[in-house]
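In the two assemblies presented below, chain A is common to both, partnered first by chain B and then by chain C.
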Partner chain A sequence: MSPDLEQALAARLLALADDELILAHRNSEWTGHAPILEEDIAFTNIALDEMGHARIWYEQLEALQGADPDSLIFFRPAAEFSNVRMVELPPGDWAFSMLRQYLFDSYELVRATQTLESRYRPMAEAAAKIRPEELYHHRHTALWVRRLGLGTEESNGRMQQALDSLWPAVFQLFAPLPGEEQLVAAGYVPAPAQLQAAWEREARPFLEDAGLRLPPDPQAPATVAPRSEHTEHLEPLVADLQEVARLEREAEW
Partner chain B sequence: MSGSAVRDEESVPAPGRDTQWPRYEVFQRSREGGPVHNIGTVHAPDAEVALQNARDVFVRRPQTHTLWVAPARSILTRTREQLEEEPDWRQKMVTEEVPVKAYFVFHKNSQRRSMHYVTLCGEVEATTPVEALGKALDRYDEGESFVWWIVPADALARSEDEEIESMFAPAEDKEFRLPNQYRTRTLMREAIREAGEDKGQS
Partner chain C sequence: MAAEATKEITEETIWEALEAVKDPEIPVVSVVEMGIVRDVTIEEGRVTVTMTPTFSGCPALHVMHDDIEAQVRALGVEDVTVETTLHPPWTTDWITEEAREKLKAFGLAPPRRHGGNLPITFYDTVTCPYCDSDNTVVQNTFGPTLCRAIYTCNNCQQPFEQFKAL
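Let's look at the complex of A and B:
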């Protein structure tokens, strides 16, 4: 593998890992607070699954470049995280968290499906493991989005509000990373445009059938914020995530 | 419980007391062709959510092949004692008459198993749950059963075979660890040990 290709692959793996980790942390904030006990268990379980996916990608990065996952998670400054903005936003209300998870799950499912044939073997293997879990997550969150969207005036209103604020942010998931075209050419990752098209074919009609109005399409992809730029919400999240580890760096676990 | 043949707790309004969704009974078959056991209950607004909740609450770890759910209020339940207290229950219990349909019969005949409650023992056809209970007793009672459940087949929602891969398979290779299996060596534990040593020395 050429150094350029390796660098592009490392950036993609880190982006995949960071998205999962930050979303998992946000979801874990519902533990003990979800609307009903059954959902508390379910959503915590989904958060754990995403944490497991993060681990897969961090470990692949470690295998590629030797970066220690624990250092990346617990001792990296917030400014160096490369997650998309939508996953760092505060949990909001239940509609917001369910819709965010649906948008992410439907994206992750499409990505996993299109990665099954990756010519970078570890990625193809990861996709085969992740995909069944995403089928289940997707089923769970789609079920909630539909019920809230088609429920009462209030639940529909809250879901619409969540969609209005999340819709422009979701397209950052499909923005190519620097050097991504090399990964696509090598057959390692799906082409971003192909990924986005497949996702839109599923998400747009689904959301409309759930009684929601799709907001106007966001800006052109070229103007999507880079993953190095974050909202003010990431720093407190990372501080929270790293608080215990930073208390005693040398502690053994 | 006398009078109505169906559990009626959900039909009794309890304003300000119970804000829960209706209860669903959850049945599990761990492997293809294996026994079907009742393993607990979940709350859900409808059968689809009930199946999903059942998966999350009960089968994140153990092996599962199929899950069934049925609204608790659709199930006729009787214990041996209840039937003995009401000797003419076959005549007295009134249930709405419907065209002949299938009912699944569950019973409990052992106190040994603590992880599940009743187990599927057969299927009968009847026009009412009471008639189904009568047929169940005639056909399946070997003197040991002390709880009977009559579940209308059309009240059951079941997971599909195609769903095994996403609903149940991922749980199988997930490690379950009890808190005491984490090898944590915390500063606190060290501090306690050191404090103990100091005491011993003084």
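Let's look at the complex of A and C:
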């Protein structure tokens, strides 16, 4: 593997890991606070799964470049995280969190499916592991989007509001990273356009069938922010995530 | 003495010893019966056990990893490595028949064998582990651990958990 290719691969692995970690942390904020007990349990499970997926990607990064996952998670400044913005936004109401999770699950499912044949073997193996777990998430969150979208005027209104604010942000998931074209050429990752097309084929009709109006598309890709730029919400999240670890760096768990 | 004891260690004795390592979340079945232990090799006195995660976020993974290592050490082996592999991905099809019976006796409906064609729908037939009725209804596809879903039996009115197919 050339140094350029390795660097691009490392950036992709870190982006995959950071998306999962930050989303898992946001979702865990519902633990003990979800509207009903069953959902409290379900969403906590989903958060735990995403944390497990984050771990897979951090460990692959470690195998590639020796970066220690704990250091990356607990001692890296917020500004160096490379997650997309949509996962760092505060949980909002239940409609917002369910829709965000649906959008991410449907994306992750498409990505895992298209990564099954990756020529970077660890990635293909991870995709095969992740995919069936995502099927469970997707079926769960898709049901919530339909339930609220097709429910009452109030629930539909909240879901629509969530979609209006999340829709422009979702396209950042499909934006190529610097050097990504080399990964695509090597057959390591799916082409971003192919990923986005497959996702849109599923998500657009699904959301419309759930009684929602799709907002106008953002002026992609020119206006898609790079993953190095974050909202003001990431820093407090990372401070919360790292608080205990930073109290006693050498502590063993 | 220790060296002599080590000589008697074979892959078979290690597999047997690992039968005593239980899944911490379902303490009636072993990591061998669950298909979590994938391989045992001995090379010049060094033992390598390869395990695979069930659900990738399972918090019991660390415990199982450490328990497997401790169990092999207890046989007198000093050089033990427990490796984790994701490939091939773990499937509930690997759970042995004996373990399925134990799960059922534990009150956990065992997952149906799917032969690689995983049926993830809300309408799978799940048999009540208490009265064997198929007249059951899903309450929550996520349960108290990552590997469990919650059902109710319409026949005997008993709520129960299912080990989710993967």
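In the analysis below, the second predicted complex is superposed on the first by the 253 of 253 C-alpha atoms of A that agree within 3 Å, B and C clash if a C-alpha of one lies under 4 Å from a C-alpha of the other, contacts with A are read in each partner's own complex, and residues count from 1 in each chain.
Basically, a residue touches a chain if its C-beta (ideal position, glycine included) is under 8 Å from a C-beta of that chain, and two chains touch if they have at least 3 such contacts.
Small disclaimer: the values here were computed from a predicted structure and weren't measured.
Three-chain overlay on chain A, with chain B and chain C in a clash. Looking at the shared chain after the overlay, A:His33 reaches neither chain B nor chain C. Touch criterion met: A:Met51 reaches chain C, while chain B stays clear of it. After overlaying the two complexes on the shared chain, residue contacts for A:Ile41 are found with chain B and with chain C alike. Contacts of A:His140 after superposition on the shared chain: both chain B and chain C are touched.
When the two structures are aligned on the shared chain, A:Arg246 is found in touch with neither chain B nor chain C. In the superposed pair of complexes, A:Ala128 makes contact with chain C only, with no contact to chain B. Counting the residues of chain A that each partner touches, chain B and chain C differ, and the larger count belongs to C. By the touch criterion defined above, A:Arg204 reaches neither chain B nor chain C.
The single stretch of chain B with clashing C-alpha atoms against chain C, selected from 44-52, 134-142 or 188-196, is 44-52. Residues 38, 41-42, 45, 49, 132-133, 135-136, 139-140 of chain A are contacted both by chain B in one complex and by chain C in the other. Interface residues of chain B, counted against chain A in their complex, comprise 20-21, 42-45, 48-49, 52-53, 55-57, 60, 165-167, 169-170, 182-187. The residues of chain A lying in touch with chain C in their complex are 38, 41-42, 45-46, 48-53, 55-56, 122, 125-126, 128-130, 132-133, 135-136, 139-140. On the chain C side of its complex with chain A, the touching residues are 53, 55-59, 86-90, 118, 120-122, 139-144, 146, 150, 164, 166. If you check the complex, the residues on chain A that touch chain B are 36-39, 41-42, 45, 49, 132-133, 135-136, 139-140, 143, 147, 248, 251-253.
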